[in-house]
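Okay, so chain A shows up in both of these, paired with chain B first and chain C after.
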Partner chain A sequence: MTKLTLLQINNLEIEFPSRKSVLRAVDNVSLSLEKGDILGIVGESGAGKSTVGNALIGLLEPPGQMTKGEIFLDGNRIDNLPDSEKQKIRGKEIGMIFQDPLTSLNPLQTIEDQLVETINLHLGLGENGARERAVELLDQVGIPDPDVRVKQYPHQFSGGMRQRVVVALALCAEPNLIIADEPTTALDVSIQAQILDLMRGLCKEKQVGMVIITHDMGVIADITDRVAVMYRGRLVEHGATEKILGNPDHPYTQSLISAVPRPDIKLIRFPQVTYIEDVAEKNTEIDITEHWLGKAREYETAPGPLVELKNIGMRFTTKPAFLRKNRIFLDAVNNVSLDIHEGEVFGLVGESGSGKSTVARIICGLYTPVSGAINFAGTELTALKKQSDLDPFRKQMQMIFQDPYSSLNPRMRVLDIVAEPILFHQLAETRREVEIIVKDLLEHVGLGAQSAVKYPHEFSGGQRQRISIARALATRPRFLICDEPTSALDVSIQAQILNLLKDLQEELGLTMLFISHDLPVIRQMCDRVGVMKDGFLCEMKETEVLFENPEHEYTQHLLNLMPRLEGLSLEGLDMQPQPNQN
Partner chain B sequence: MLAFIFKRLLQSVVVMLTVALIAFALFRYVGDPINNMVGQDTTLEERAELKERLGLNDPFIIQFYRFVRDASVGEFGLSYQHRRPVKELIAERLPATLELALVSAILALAIGIPMGVYTALKRYGFLSRTFMTISLVGVSLPTFLIGILLILFFGVILRWLPTFGRGDVVEIGWWTSGFLTASGLKSLIMPSITLALFQMTLIMRLVRAEMLEVLRADFIKFARARGLPTRAVHFRHALKNTLVPVITITGLQLGSIIAFAIITESVFQWPGMGLLFIQAIGEVDIPVMAAYLVLIAFFFVVINMVVDILYFVVDPRLRVDKALVNGQ
Partner chain C sequence: MTEDKNPITLLDYFGQMRDSDLWFSFTRSPVIVASACVTLLYLIVTIFAPLIAPHDPFDLASIDLLDASLPPFWMDDGELRFILGTDDQGRDILSTIIYGSRISLFVGFASVIFSLILGVGLGLISGYVGGRLDAFIMRVADVQLSFPAILIALLVDGLARTLLPREHHDEVALYVLVFAIGISGWVQYARTVRGQTLVEKGKEYVQAARVIGIRKWTILLRHILPNVTGPVLVIATIHLAIAIITEATLSFLGVGVPPTTPSLGTLIRIGNDFLFSGEWWITIFPGVALVLLVLAVNLLGDWLRDALNPKLR
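Our next item is the complex of A and B:
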């Protein structure tokens, strides 16, 4: 142990006993961290990385317990301290930042109350001193007008600003070690860049050590000095960031890195994480030419574009009032015109609040636009007044939502979930026929027919998204709207789902509207891209042209912020054969 | 905020008018008011003349207007049974019911909230499980049975507490209070416990469920990670967030304590409005029933208004914020 070692973890082992068995969440993990250094812990969900973070701060969720190992902070062992001592370390010695800034702050207290409470607890500056320090801290984390904003409540801050407040709260007692658990996952790219800059700056300036837990390779490349890769509770690789990202030894790390969507060149398929231990591979390929899905489609190919938006506008009332002049509106979509051709994948990018999801909802009829017209296959949908007139068009367009956890009815079997649109649109003669179709669909999205009798909670996030896709395909749509279909998923699962969508798109000749804030994913998926900001469409071009030669200022700005795995020799990895191509 | 209160007031007026309409319909069309006022030997001419004098031949709207005008100053006419103004009868009985309801509500809150917090924090403790079991009994046993059992045990067998009535009361202006005498206080114990028991268990279970929900929230975890002591986390951060939904239910329950004290008042022969109402039903005393209906509706409306305003005090997210609306 060198004299600078801030944090030392030896042979950490954490177990979650359950009624039937014991789950070993963390297995023999040893790590160390020096002052002023940033250590990244990367891995997929379920790898045990957050459990390590919780163990460091002494807040393991019950029934989890440390069964082996030791944790040293500044040379003192902290893992075996009684709870009251651990409580003194929390906040004072170790600060923690959580993933979701929207839920990390007490909604009923002002920012000042929360800061002053914590400052007084650890530093004892007295009421006025603590107030001054609170304002100072907000200023340090880059919140404008700190003396005004300190009096406000969390809901008056945007997501990025709230995460700054969370950083301020974690820093307020000047801890020597900061643990950040997915600190930017819930944020937009540009805000992510700002928060990462802020954290890196604070670390170097104050010689604070930081552990960043994330599944995002871009964040790791951007900010960390050293990185530890975890897989199923074990540390598979550990070393300097350039070394691990540039020249990984372990096959898992290699495939994890290659699965990150490439921002720089367009590949035909997404490389997948192929390193899977002790899981029997079973993938049923279905010949689309003979399948129900591929059966004669009853639509004539439209002469013009399949979907055409003309000067669409949408406004929401943010403050209702009796008199019109007192009402306050938010123009979510402003004068947007675009067209999507048959068989094309059209991408829509933008930060949260840019109106891209609103556009999707307008197209599929969830919102009625206040102005403009929508044409679908030559018919003006906005002119149709009766719901029943819209139904044949609804059958032709389907939507896949972002959150696979909340977009499936938990009380319905998978069979019923997928069968619902078929029954509604009367696409099959008998109940028996529907069942066969559903099972075929489930086979096709790689779930297997036996999953039909299960309920959604029995599936993982990636599997649930496959159910959503099966449901969307059940009406044999010609137009598929995917609203951030993979943002809630891990890199490896993202690659699987995107490949599935790509295959289906090619096989079935689907037209797709693909919405994402993730630029590399857009580059891999789409033929043409539209960039949205504040409800306006600022640029619309062929994907490659846009990425190589962005014209609009905002597009350039977005592309600059895109996290890159810079200076890495990924080429060597690309040459590797990908044995599992689906 | 002001616009909100104004809107709420407007809604309240609509609610009150609807209730008044029902009460009026009861008054005017259930039975014949003339028949209820005069004796057997009144001639048809006298009846017709009385009907004209009382304005019962006027159009419906005018009669309803008169009813609302009188009701708004508390004038509901004469009780058929007691031959006295309903106003006086109610004023006599109101203090008894309000005192009983107040004590019950305080009991329910003062015991229900701490028990809810305790059972949430010590979820698997022996005492928590005991509370939960007892509360199940409290919810499922009917009020009158609990009252009768209490009377049997403490009144008849042990002879500690009086079994009926209010005991001695002290008059303060038109208000009569049982708080100031020993026998008054003693008489309050059993009825108030009987009335409070159901509310208490309801509040306890509600607080427990909400508290467990809040304790799982991210900001609680973050508060712990900042090293705040457990006490501060539980009471300063968790409890306040728990109370937002509890306020709604408590408000509604307070209304029903007043309105549905009828059973308790009957069991204990408590001289309150509930008892008056029960007797009025027995004697088809329509003016008293109409007045009771309007008064209870008024209590509910006022309590709900207060609850809505309390929301603004407790939850800053509801206060309309100009800066936020302007998009900053």
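Our next item is the complex of A and C:
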């Protein structure tokens, strides 16, 4: 060998025995890594990628166990060492960066104490040497005034700064290998870019090998030299990053990459993704003109936009007090005015805390705004005070929520969940008829009619989101609010759900408000977009115009941070004809 | 339209139960199986007391003072008619224990149900409505928590005694006791349910129901209530043991059920007077019966708490 292999994994196999069966989480995975190289392990949830990372540092959660395979670090076998030896390797030879910067630092110790403790444990520089080294490390990871900030506690740092400290902590014993498990998933886009840059720079400069585990193709494209793609515990493809992203061999990788929302071009639909959870085939196509779902759609059309917000303001009390002057408020939405026209998909984009979800909740009546007015189809909703006056409008607008695991009542059967709005608004005559409608709805969103008798926990995240969509359709709405409907889902399932939403929107002529922090998704879904920051609406434009010529400073900033994903394979995509080509 | 291919039948339900982790952890622990059997035995024996008890201790005609203070059958002078001996009035100890357990269990269950309904109701309202009502209910709970439960029960009992006419007192004594023990136990339910309600209220399924337009009370009863009952059942089981003990303590102190319908606590008190004159069986056997019952219920409650809490597994 000309170059010494830093990390070598041979035929790794990890099993989780349970009461009834044995789950093979990792099956015959072999990987290698050189010094200064960055290897990405990518896969969807349940692919076993984190399990590989945990096995490398000997921190498999019991009852998981390595049943086969070998792990070599610098030519020495490490997987069969006793626990005390493994402990010495962790930190000294292998550094770890975890997902959540909030929980991976001890809140009761200063940054200095935490760094010095680790440095002393592994390097033995003495008290003063260790302190100097701590300051030096903070400087390296780009924290301003390191000699002041080193005395501070974790809560005095912002999320991004904290993740920098975690990187410093991983580096402090000068390890040869760093394992980063979803290092930027909990961070906003702007911070993600900085952290990735930092990690890549340090890796190259110090000739440290890095394994980065992520589900995000953007991260992979940004930082890695080589990629390993995992699917259900197996390694399906392994090679240079440009090769895998640009010209994947394995059908799973191909379908995974085609499902990634493009930041650069607008597609008509996402390609049909194979290799994912089974969706029940529609055995009976529903004729919308005949079916219940298509009936009673002749809403009176008022002139002007369907939804109109006028100078909406919303504030939350963050510190209640008896006297008004002692209370502290947070202005979540400031003077927002926008209108959504019949039949269009309007996107709201912004970072976390920008107030976009609050706007959605104000429109559908979950919050009462402190100022401003909402008009829906010509009626001022904010002027209606009685619940029963609002009911006809509630029927016309429905919402799909972000978290598929909490948006369905776990104690109710799917049948009852979807039937509830129909029964409440008395949209069907008999119980029997309701049952038929529910089953049709479930089939229409790609679930079998037999799923009606099951409980929500029997479904996966994507399937649950389909149930949510069925429930939202059950009032025969004309206006649908989607609040980050796919941010909790894997990319391939995201592509399916977005396709479903597009289909329904066209078929039923729905008007949609689509909220997301993910710019590529917004580009794929929306006709017009509003950009929000700190409760203000910065810019509102046609999607394509906004993406090509952003005017507001913040929009430009956001678009710059968007992962470029250049060189992605374009094979099999259904592209929207570009206007200039016509 | 297609028919249900697999409607849920009762059989499926039991199949599911046999398959569940709860049943698995139940069968793995012999202590728990034993305490479940003991509890079940108590329930059966007390429900069918008139059929099972060898004598009717309240039937004055069948009581003979000549039989007074007989020891258990294995001792000298003991008779097989009275397996565990008789008390100073010639009543069969075994029968009084069976009838006494009946009263103890009745008071236990009734007061637990009373505190459960009161506590769950107040907890739900407190958590869901919030604001001043929440603050008021929780401060009342705090105040009550600063008194021992037994003191509150004593207070209620004392009030009832002064307010109610003497001749009616014995008739309602049992219900006063249920009320007194019940009112002293609601705080735990209210606090747990309030916390759980706050968590569930923030979840998106509740917001989805609000977007549909469903009214507050329906959301509370149909969506939130079923999702907060898990911990409540665990508290109820543990509370049952406490309620039985409280009843026994009150009866032992003489403020509980009247001596004409003795509970286990009353029996222990009556027997206590004879402990030093050698008739130990009058007080020891009811005492053992009480300890067994409370221990079994307590073990069940503890196990249920651990088995239902995934964090402790």
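In the analysis below, the second predicted complex is superposed on the first by the 479 of 582 C-alpha atoms of A that agree within 3 Å, B and C clash if a C-alpha of one lies under 4 Å from a C-alpha of the other, contacts with A are read in each partner's own complex, and residues count from 1 in each chain.
One rule holds in what follows: a residue touches a chain if its C-beta (ideal position, glycine included) is under 8 Å from a C-beta of that chain, and two chains touch if they have at least 3 such contacts.
As the structure is a computational prediction, the values presented were derived from the model and not from experiment.
Colleague: Examine A:Met399 and indicate which partner it touches, taking first as chain B and second as chain C; both and neither are also allowed.
Modeller: Touch partner of A:Met399: chain C, not chain B.
Colleague: Touching A:Tyr455 in the superposition: chain B (first), chain C (second), both, neither?
Modeller: neither
Colleague: Which partner does A:Phe536 reach: the first (chain B), the second (chain C), both, or neither?
Modeller: In the superposed model, A:Phe536 contacts neither chain B nor chain C.
Colleague: Based on the superposed arrangement, let me know which partner A:Leu121 touches: chain B (first), chain C (second), both, or neither?
Modeller: first
Colleague: What is the contact status of A:Ala170 with respect to chain B (first) and chain C (second): first, second, both, or neither?
Modeller: So A:Ala170 only meets chain B here.
Colleague: Please indicate which partner A:Gly91 is in contact with in the superposed arrangement: first for chain B, second for chain C, both, or neither.
Modeller: first
Colleague: Shared contact residues on chain A, chain B side and chain C side combined as an intersection?
Modeller: Of chain A, no residue contacts chain B in one complex and chain C in the other.
Colleague: Which residues of chain A touch chain B once you look at their complex with the stated criterion?
Modeller: Chain A residues touching chain B: 57, 59, 87-92, 95-96, 98, 100, 103-110, 117-118, 121-122, 153, 155-156, 166, 169-170, 172-173, 318-319, 321, 328, 330.
Colleague: Touching chain A in the complex: which residues of chain C?
Modeller: For chain C paired with chain A, touching residues are 1-2, 4-8, 21, 24, 203-205, 207-215, 223, 226-227.
Colleague: Tell me, which parts of chain A touch chain C in their complex?
Modeller: 19, 361, 364-366, 387, 390-391, 394-395, 397-399, 401-403, 406-412, 420-421, 424-425, 436, 439, 449-450, 452-453, 468, 471, 475
Colleague: Once bound in the complex, which stretches of chain B touch chain A?
Modeller: On the chain B side, the touching residues are 3, 217-219, 221-230, 232, 236-237, 240-241, 314-317, 320-321, 323-327.
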